[in-house]
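Each structure below is given as structure tokens.
Two complexes follow with subunit A in common, the first pairing it with subunit B and the second with subunit C.
Take a look at the complex of A and B:
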């Protein structure tokens, strides 16, 4: 396969995401300008200008009309995807580390960083249907005790909030009361990514401790654990095959002192059930920071420290591959 | 410019060649030839997706024509994703190139012919490598006249340009390969014959398919000979391979 290289960012990528239909790719990086691309041919549709610092995270509404971005310039911005206009800006005390639309797109959450004497906090806000009536009112605020949250997602039916923390803890919060329902510490390093599988019943976490774990979403019991020999920065589950992809590499600060081959900057494919590595794809010059599967499972996108997004469309041979045990 | 440019036509491989003449930033006229592989794919999409396809570009891309902009979107090199049950075996063992060298060839200092690197020679500061001196002297001789001297008769005559020097005595040539043959196929084929220095499969520039022949350099002549003996006439991918030395004038 020949990947499409998207070269619209001048600094390291932080998050890459497909929209629900899979025709658009949204990318944010440390260069403060989020971009949107057509996933089929890599054509850039537009850029969103308004942030003034590293953009850490993004989320897209189900109908792909709104975009939320959280940035280190202490703000979260709601954008109109068609046209790139800024619809609303929430000013925060510290950097925004995670944002997420709730199912139904009526609520959204954002998590602020624990710096400057502030504690890491989950904020829940209402997203008005008519964006001219949008207010900055915070519906709920849950201060996180202990290590700061690096990732956050809405759980099933917006009943819970799943968070990943800097010390490797994964927590489930009650979305109404802010009570910690369950908390497990299976990782020994910071959680770098959390992504749901085909349903919201299970999710995969990746961590700097060289592991990726598939958790059951309610009780946080471990389904599968995948061990590699370098930090994992992102993990994604294929929507159509029992495959998952892991991306990472050694720390960005030591990239220049080691060769690309030693850095292990490949995207690695694992079989979800057999917990075995089945393939790898080379390409990035630096660690991979973020991965996303196309919602149809026909391809994936990876964003690296090298500032490139690589969009891959799988060859036919990928779909034909089966373990002997999978054949009937 | 004629209204219809014959070079814009699509050839039988679906490759379109577009030629345009532009003025670059230095005010020079440049001809840009682009080869584009055309592949038509029809896809059913839902209404919302089709609508989004019509959106106007905004932000930094405002006013850009539709279609990917070559500044921000490029096609990467072909990458392989070969799924297999034991992916770890596919991994080529990482070897330290200096170690490999010391195992196969003896290190000879260019200054004193001792068994150490030239840079580590104790006489480094007092002497110069012998062949470098010779080359310099020759260069001086030629410089004198203003007459044109063909490259073959200049100083260091007969030397191939740097970087192209290659010892082809251990090289073999495999021909009658099928179009689908890849580097790794050839490596796999030769695994039993011995360690290879270089595997080169000739590929078509635009389609990336094998042109039907490959050159392989082995570390040892024995291995090359063994490969010729065992693979000449070997059936591979429904074709019968022809294997011979790469150099025709070889005895």
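Take a look at the complex of A and C:
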């Protein structure tokens, strides 16, 4: 089916995400205004006014009532989705690179950047049920030794925090003590994205080193590795099929030196088990910065350096496609 | 403490033994002198003195001839020279001097006599080094599937592989840092060449052992003779020869690794680039010719392997510009420019007879260039002339070398057309000309008509086809002729077109973005296009195509630098046998098709097997995760306050009906 183009951001997209039910798409970009869209028709539901810098990251509560955004204006904001009001603002020392609601939405984490002499730090805060009683109290603070964290997710049952780092390391922290439980360096470039698979037992990382790796969360052992010719900026695993999508392309700064065709700004579909490329979707005319599967697996959204979000719904042929070995 | 430790110092003593100065350096012994009595002694000595005075000054009373008690001489004498050098000279020049038939003088150093005397009378058998069988250098040709080999350089790693078409190649050997600069093969593929700071090394045989080394510091160019008996190396940094000269070029015997001769680079404004323009091998490894360009120009032909100048004199060619050997005969071709009233001239001269076979003069010439067809049947000379004061015109003069008196055909380009490059079809009679006219590039194919046709028609060279060459920057012929790849290299987006020039059909087209190099395999069945890290840093790697432009494999290799097919020696089959083979090709191809099918079946079975295993592994993994999830249900509920995994069955499906008025119209109903 023809993709729906969400044209509302004025600058490069940084993150797009579906809510749990899949009816809404949230997007943040280098312009300072997060947006929310209907996923079915691409109509813009509203914007969230309050940041004044690049918004790097977002997360949505499971019931889709709350939105967290982290920005380069040194703040994290909690929003009321229904209405777009700012509920609370955490002021930080440096830019916020990652935010995440914990399972149950009672806790959240945010990661601050390592700039201006500050160390990259994971902060854990409580999210009050009643937003009027929200405080800026930091429950826990884990200063990251070594390379700064670029991504962070809550692990299973909120017991761990999984982080991806600028030097390609993937770490598992104990969410209570901040102790590093496990750390592996399988990527040679900065981690650009981490997304869970169908369960929180495995996740996929993408990196500037042109690779994407599926790790088992428990021991960080590699299940599969996928290599491409371009930096990978985002990777997502289908919730219903053993497929994954990779997006990226030549770095924005070196794009002008080649034609768009050679920048490889395509979303690439791989079979997760047989490690084979099964399809490509063109469309963006700049690198793809972020990808998200619809929770039902019936489509995906991609956000690019070109400022567009493209929402795709799969055709029937996609669902029918299977390797003969899969049918057994 | 005086104690004998029982140590043996003899080796040290030998090492530091003081050499007793030899005072008999200026004395020689002359043997085989005629035996004379006292009466004739005077006369003999006079003759001897006369002979030896040519070597140097003999001391007065320097000759002593021992005699027997009966007064007759013993047949030898001692001779004392003024200096050791004179003695040396006497040995060098007069040893073996024939006084008469019976008396051939033997002149030796006095000091040596002692050695001769001490020589054991018993024959000592010469220790022959045990024969070590060397590996067969052409072993790769005995591959049961007759596959071709290629070498790849990526990063610091160099590997040699057997080509398996679309399947991944079989590795034969690979080493990191095998070569410092680039890699190469000898003319017939027997040797693999690695380039190092210290010189070049040759490798080969089934186990890829080092065969020979050729020390030449900072060598940057290697050129094998056509039959790979000799190799030339060139280095930009000159080295000092024993007699103090600075030389850049070495010519070696490949089998013995001996330096035959070294040369300085001829002084010229033009710098010797990658292509060696000064030294050229003759087709049969008999000669190597050196060009001295300029007013005092000359072509010096050296005989191999002695490296002696042919007939001890060079071919003097004033204002020599460029020269080439014929690829199949010992014939030299060269051209000289127009100077004053002397026209520009192309000359063809045969070696070693020095007979001038053909010359042709040209007027108003700016420049010429010579292109030999690979069979040596035709020599094509490109001539740029001044048409008027401001316009130039290019023409091609085709010398038919194999015909009587070497007739010449002429093709002229349009005035505004500018030649970019010319490409002869290997072993064929076609050539392609890439020209530009007002920024429009066109490619023209011409054919030199065979003799019979040439006599009936006025034009001996026929234009066959014109192709739009907007994105084409070079033509790459198959080594077997007929097929060619038109390519847009270097910043021309890497367009590739595969043509059959028999009937000029485009067999296929493709693209290899930023493609820098094209390599046909020696059999003309495969083409490899590659992007080398030396020129382009992005997306380095290679694509293998069939000659019809079907993509077989595509690989992105970070740091990929060079790809080189291993050349094959010429076939041992006679022309008749080859014809027979071609006639029965269908039968053979059936057999090969079967083999291919079998191979691909096996491969797909392997893939299936692998996939099945992967699928099983995946299913097991999912089952594991499911079990874990099940076991964590309670904890999850505790966190969420409800079971997030439970399928919510209370969901109420609300059906909304929205009525929208699309159109309203009023009609009067009668």
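Keep this in mind: the second predicted complex is superposed on the first by the 327 of 328 C-alpha atoms of A that agree within 3 Å, B and C clash if a C-alpha of one lies under 4 Å from a C-alpha of the other, contacts with A are read in each partner's own complex, and residues count from 1 in each chain.
Following the convention adopted for this analysis, a contact is a pair of C-beta atoms (placed from the backbone, for glycine too) under 8 Å apart; a residue touches a chain by one contact, two chains touch by 3 or more.
Everything numeric here is computed off the predicted structure, so don't read it as measured data.
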item: Three-chain arrangement built on subunit A, subunit B and subunit C clash or fit; value: clash
item: First, second, both or neither for A:323, with subunit B first and subunit C second; value: both
item: Partner chain in contact with A:132 - subunit B first, subunit C second, else both or neither; value: neither
item: Subunit B versus subunit C as contact partner of A:24, first or second or both or neither; value: first
item: Which of subunit B and subunit C A:199 touches, first, second, both or neither; value: second
item: Per-residue touch tally on subunit A - higher for subunit B or for subunit C; value: B
item: Residues of subunit A that lie at the interface with subunit B and also at the interface with subunit C; value: 261-262, 323-324
item: Touch list for subunit C against partner subunit A, complex; value: 493, 513-514, 538-539, 556, 608, 611-612, 614-615, 617-618, 621-622, 624-626, 628-629, 632, 635-636, 639-641, 644
item: Subunit A - residues contacting subunit C, complex; value: 62, 102-104, 156-158, 198-199, 201-202, 216, 223, 229, 242, 250, 258-259, 261-262, 272-275, 323-326, 328
item: Partner subunit A, residues of subunit B touching it in the complex; value: 43, 45-46, 48-49, 52-53, 55-62, 64, 66-69, 71-85, 87-88, 94
item: Subunit B-facing residues of subunit A, complex; value: 1-8, 21, 23-24, 33, 35, 37-38, 40-49, 63-64, 82-84, 261-262, 269, 276-283, 310, 312, 314-315, 317-318, 321, 323-324
